[in-house]
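There are two complexes below, and they share chain A, which is joined by chain B in the first and by chain C in the second.
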Partner chain A sequence: MYLIKKNDVKKIAKALEEKYTLYGPYLDEAFGQCFFDKVSADNIDLNAPIPANPPKHVVFPHLETIMQYKYDKNAKKADIAMVFDDVPKALFGLRSCDLTGLQCIDRFFLGQEFVDEVYRHHRSRMFIVANTCVVPFKQCFCVCTDSGPAAQEGYDLNLTDLGDSYLLEVGSEKGKAFIESFNFPKATQEHVTQKQKLVEKSITMFEDIATESKAWVSRVMNRVTTGFIKEEVWEYIGNQCIECGACSYVCPTCTCFNINDANTIAGNTERLRTWDSCSYEGYSRMAGGHNPRKPIEDRRNKRFFCKLSYSQSKKYLRPGCVGCGRCAWVCPGDIGLPNVVTYIRREIHE
Partner chain B sequence: MSEQKIVTVPEIATIEEIKDEIVDVKTFYLRFDNKEIDGNFTFKSGQFIMCTVFGAGEFAVSLPPSPENDRFHITVRRIGKVTNALHDLQVGDKVGIRGPFGNGFPFEEIKGKNVIYVAGGIGLIPLRSSIVHVLQHRNDFGRILLLYGSRSPQDLMYQYMLEQWQKIEGFETFITVDNGTPEWKGNVGIITTLFDKVEIPVENTVAFVCGPPVMFNAVIKELMQRGIKDDMIISTLERHMKCGVGKCQHCAIGRTLVCTDGPVYTYRQIKTLGEQI
Partner chain C sequence: MSYMPGVCTFCGTGCGHYLKVDGTSVQGVFPSRVHPVSKGRLCVRGWNIHELLSTQERIIRPYVKDSGQVSYKDAIAKLVSALSLYKPEEIAFYASPRSSNEDNFALMKLARLVFKTNNISLQAESGHRNSLDVLYNGTGFAGMLGSLEDIRKAEVLIVAGMDITTQNPIIGSELHYAARSGSLLITIDSRMTKIAKLSKKFINCKPGTMRMVFDAIAYYIDKQQWGDTKSAHYEEYKKYLATVPFDSIEKETGVLPAEVAFVAERLIKAKSAAVFFSSGISGLSYDTVASIYNLFALAGKIGKEGCGVNPIAGINNLQGSFDMGCAPDLLTGYQSIDDATSKKKFEKKWGQELPTFKGKTVEQLLSDSSSPLKALVIVDHDDGIVKYADRLKSLPFVAYIGAFTNKVVDFAHVVLPITTYIETDGTFTNTERRVQLASQKCAPAFDVMPMWKLIDAIAEAKSIPFNYKSASDVMDEIASLTPAYEGISYTLLSKKHGVQWPCTKKNHDGTKYCVPEKVSFVLPHKPYAAVQATQEYPYLLMLGKAQHYWHQNNIMHKTFIPLREYNATLLLYPDGYVAIAPEDAKQIGVRDRWPVKVVAEKASMKAMVMISDDVAPGTAYVPYFIREGIASFLLAYSDIVSQGEEATIPVRIEKV
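The block that comes next holds the complex of A and B.
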């Protein structure tokens, strides 16, 4: 554990930039929006608001070639090769919700019977610097989903803004080896206490969205799991949905994908993995036209089932929601997860 | 023989023979180019494979023959982009195969029972491997019945098999068509009309059902009314599958995935999944 000056943060980022492709939060002034993407050490803005997108796309790109083949029709010969991304990447300034989201995706792609090699290649050479949320944002409710405001595990380094300096915690051997050469001054117990106080204060600052929903997520999970939710509630939620898929795309834990073969001008074929969303009508439609999940409420409740049911949570070892609030932020129909929790709660009350 | 599972990179197979079945349905006989795999590729009846048509894409298809046969084949209807491309292929062309995936039919659990097959249209394709298996292990089962219906006599799948099956002693086959032709001498009417004409065993009986959703629902009703229990009704479901290994989630039904938990389900399971067939 070290106590570093504010300027030292950039030093760490610069050192990482030499070995890794650097990803971090930056403020896009033209957009007036914060994004999390490829960035230079100079542009990283740790005080920027929660990025519009989680870092999911770094390990699971929107569109990615997972296999390539060339088929020679005349010779009747096919050459097939998997495509892997071995580029080392550093995620800098990750908030705890997004770090938890990354862990969810890890458990999903790596922790089950089938290990996704394409994902593993992205993930295996990764360095993570987390950033404690000392001030939560208006949309956040990570206190309800046990994913913040401070990261517990899964990082190599963790930064906490103590006001005039940063507390730098080491979370892995890789982090330790990396930071040793900097000879930063060690932090004391006092600084740790200071961090704890800041986190406790942060928890009290959550808006109604979090404090009102707190403790209810588990009850709602119980309801969703046991199926005791009236059809009318799902229908109401379904009617609000316009099937834009935005919630899935900004969700740090949504991993549904489609696979498609695309021919290139060079005569190769690329097997592409693209993001998909269970809210799209075509998602479950079969070639013959039959769609077992035709009514929109069927599709809508599947997403919330994925986030809030115990059986799905087994894949992630926690709820499928990390409380970042992005779905509520982007949803044109007002059915982000906090509202859905509220609708289901309302039913429990009745 | 060791079980060989091809998970990510498709293995190349050659189309050795193509057989026209009915309009828009063909059977492709395949053999792996890799001799090691060719000899060791085994699967359980009821499982499925992912078939790549090079340049077009990949689709999921059930494996109709009994795996005890040497070469394997798939029967495919021309219905979408990839299956259209497959239908355009010739003998000698190559395809890619991944699999086998899924759980397969529970033959051990149903030993000693009467078996009824109820198939509609091309729903006979996924059930065929089960029928072949049961006929090969005839002594393990009681009565064996097949109730099969299609739209018209021209739409009957595997006509050469049906003719053979009708000659097998102890294999009771009943065929119906929705719309007959002057030459058609058999039953006319939807498949449920057969239920009143056939003496169907109820005790100690397992029913395999596969067909279009509308037929499925009607048949289930008939079977249940006759007293066949929901856990003795077995079906193999179809979904829009992409990865085959439980990741892409396209085949999610309730809390299960057709690619890893299915495609074979009992009706008792299907009822609890909370989705349409």
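The block that comes next holds the complex of A and C.
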């Protein structure tokens, strides 16, 4: 536990910048939208609102080359090479919900029978500095999904804005080794107490829908898991879906992807991995034309089962939703997760 | 910090987005939350546009037939010498509604000033031109009267003959939102669509009778003396309305008189109302647009907040391309080439006389084998199937200018590559007249030129240089010649999410909704001519364009996920399909995906059957140019096909 002057936070970022490619929140110069992306230490804005884009794109890019091959027709021989991104990365100022999302993605790509080597290369040699949310943002509901406002695990360092200074917590051996060279003063129990109070106050500042009952989401989880939701509710939700895939793209925990081969002008072929979405009809279509989830409402059902069912919790040790609220912002049909929860709860109360 | 703001250039909605650019490659997309049109939303095309921009299926070097790959200089010299062999009447320019305003303006200038021809037109159906003509004749504005931001302010929303949620999904979602928030959403169509399912009222009319439906609503309003009779030409319009067969409206159109009365009443009572119809990929005839417009004029829903007669463009710069004068009879900003004052202004600015012969569209020239056409310059052809392939093959000279490979290249004697829209600056005007700047985001991935620069080089090779130093210079020239764009400049646009024209020097914020100085009724050209089914041809075949345009769109084929989603139907119906109602399928004796033969008076085709509840009994629906066989069938009916959404062909469907 260390106490850091606000001016000294940049020192940490600059030190990280020497060994890692630095990613952090910054405000777009043109229109002020917050992004989490490659950034220089000077441009990081720890007070910026939650980034519009999920930081998962650092380890799971929207479009990525994972393999290259060149087939020599005459020699009937193919040269194949895996493509890995081995650049060390530092995620600076990661919000707790996004950190939780990263853990979900870790468990999908690394925690099952087959390890995704492309993902592992992204993820190794990564340094994570989390940032506690002392004030929630308008669309957030991480208190409903046990994802915040303060990070619990998975970080190397964690920052909390105490007002006149930052409380710095160490979460890993790597973080400890890194921070010891700075000789920052130790924090006292009083500072820890101050952080706890700030977090508790933050929890009370969430939108009413998230605070009037923390069971707001969990009650719906029960319903989704047991399947006791009327067809009409899913049809209503499905009718509002325009199948854009935005909910999956902005979700910090979604791992849907597709694989394509693309020829290059140079003559070789690249195997590309792109984000995909269970919203799309083609996502679940099988060879031969059968589609088990052709109706839109079935795809919506599948999505929210993935986000809210207990079986997902058993598989990944936590709900599939981290409560960042991004899906509510980008959904053209107004069926981001909070609204869907509202529709289902409305049905429960009728 | 690699996310750069820009504009999506798939359809005419003009959504704002950010592109993640690394060097010369585009690796991701994100919506712009504060963009006034899209408000943080994108559709499946917009979310995956980086797949298109990352494609390697590019034209990367100039090419001359029989010479192979050559330098730009040599290719331009070949192009200029070839075009110089022919008279102006024998040359035509086929502009792309996907090109930027700067590119299209430069092309128009090249055609008229350098090669002295008025044969310049857009690769898009005539629908949008019909819309512009009606709106200009009625109000003096050649563009959407309303604003997309105002959708939520309208009490009544009408969608006419358009699958708007599929064609322009973000506009569709805005309508969905308004409907859920309490606006009355009415869909008038001959086929069930997604927007129809979410409408409070779906009025199902017989194919080809939409015009009569709108006139019947106007007739009812006029009869009840609820209408605004102060607009010009009211007396002539009243005489026209008297020809509406209201007493037999149900027999003629399939619409109940009570439904007509319902719409009429709600339209009059509402403080604000807006109508949306397709314009471009699948447009309406002049007379139908006139009927829609006249209804809104009569109902007093012109020139007020939340009101609008709104043609929706399916291609990103269709409105802008017409604004740039890519039509045989138009200069920029809908100024007529026959208007002496406008013509003189251009001649003074450009220093030379403009051609005076009556130009023709490329469609007209290609479809008429006796036309004098000998040389054709095509820009960025979008269709995956080449219409008029035989005619193109027979032309002495064809040139192609484009960024992506496609089938038209095979017909070209000279091929010139250009940049994609992120590799150069450019403006695009969306369906609501919003001029938006898409700034250059990276250096060209290959050694290719921006189109406006290429055009300048061609002009210079003819000793008439345009002397553009940047795309901004082109816009400055456009502004100097176009009253509606007078106040627009790159300096202004770089700080905003675009500006809706008219934008004058005194009105830098642009115009959200148009308030005409004078409103006139627009009289139709032709009497009613709805096609009827007969004993021999008992089904009315509708042609679907909007929903399936993207199947055969050339740039769609450069993507992965959008291609997969839009090709979904093709996988189930590889021979193309004709959609019919379950009752009709039973009568014909077929099941889903069975082969049938569709027989019309002048042509026939084979297709598979799709059985769908969306199609009413006695009607059939076939997608447009989805397969070669369907293309051949429709070419035999090109005069009917040109009617756009209302095209109807009586057919017989036989089991094979």
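In this text, the second predicted complex is superposed on the first by the 342 of 350 C-alpha atoms of A that agree within 3 Å, B and C clash if a C-alpha of one lies under 4 Å from a C-alpha of the other, contacts with A are read in each partner's own complex, and residues count from 1 in each chain.
Note that in this section a residue touches a chain if its C-beta (ideal position, glycine included) is under 8 Å from a C-beta of that chain, and two chains touch if they have at least 3 such contacts.
What you see is a predicted model, and the numbers here were worked out from it, not measured in a lab.
Chain B and chain C, once both complexes are superposed via chain A, fit side by side.
Of the two partner chains, both chain B and chain C are touched by A:276. Look at A:263: by the touch rule set out above, it reaches both chain B and chain C. Contacts of A:135 after superposition on the shared chain: neither chain B nor chain C is touched.
Once the two complexes are laid over each other on the shared chain, residue contacts for A:348 go to neither chain B nor chain C.
Of the two partner chains placed around the shared chain by superposition, neither chain B nor chain C is touched by A:83.
Once the two complexes are laid over each other on the shared chain, residue contacts for A:69 go to chain B alone; chain C is not touched.
Once the two complexes are laid over each other on the shared chain, residue contacts for A:245 go to chain C alone; chain B is not touched.
Touch criterion met: A:285 reaches chain B and chain C at once. Of the two partner chains placed by superposition, only chain C is touched by A:37; chain B is not. Smallest inter-chain Cα distance, chain B versus chain C, after superposition on the shared chain: 8 Å. On chain A, the patch touched by chain B and the patch touched by chain C overlap at residues 258, 260, 263, 276, 285.
Of all the residues in chain C, the ones that touch chain A in their complex are 1-3, 5, 18, 20, 26-34, 40-44, 46-48, 50-51, 54-58, 60, 165, 169-170, 172-174, 176-177, 180, 194, 197-198, 446, 497, 560-561, 564-565, 568, 571-572.
Taken together, the chain A residues at the contact with chain B in this complex read 67, 69, 71, 73, 76-78, 80-82, 108-109, 112-114, 116-117, 227, 255-261, 263, 269, 271, 276, 278, 283-288, 290, 292-294, 298, 302, 305, 309, 311-312. The part of chain B that touches chain A in the complex is made up of residues 7-10, 12, 14, 52, 54-59, 77, 79-80, 83, 92-94, 96, 212-213, 238-240, 242-243, 245-250, 252-253, 255, 260, 274-277.
Those residues of chain A that touch chain C in the shared complex are 26, 28, 30-33, 35, 37-40, 43, 52-53, 57, 61-64, 239-240, 242-246, 249, 258, 260, 262-265, 272, 274, 276, 280-282, 285, 289, 329-334.
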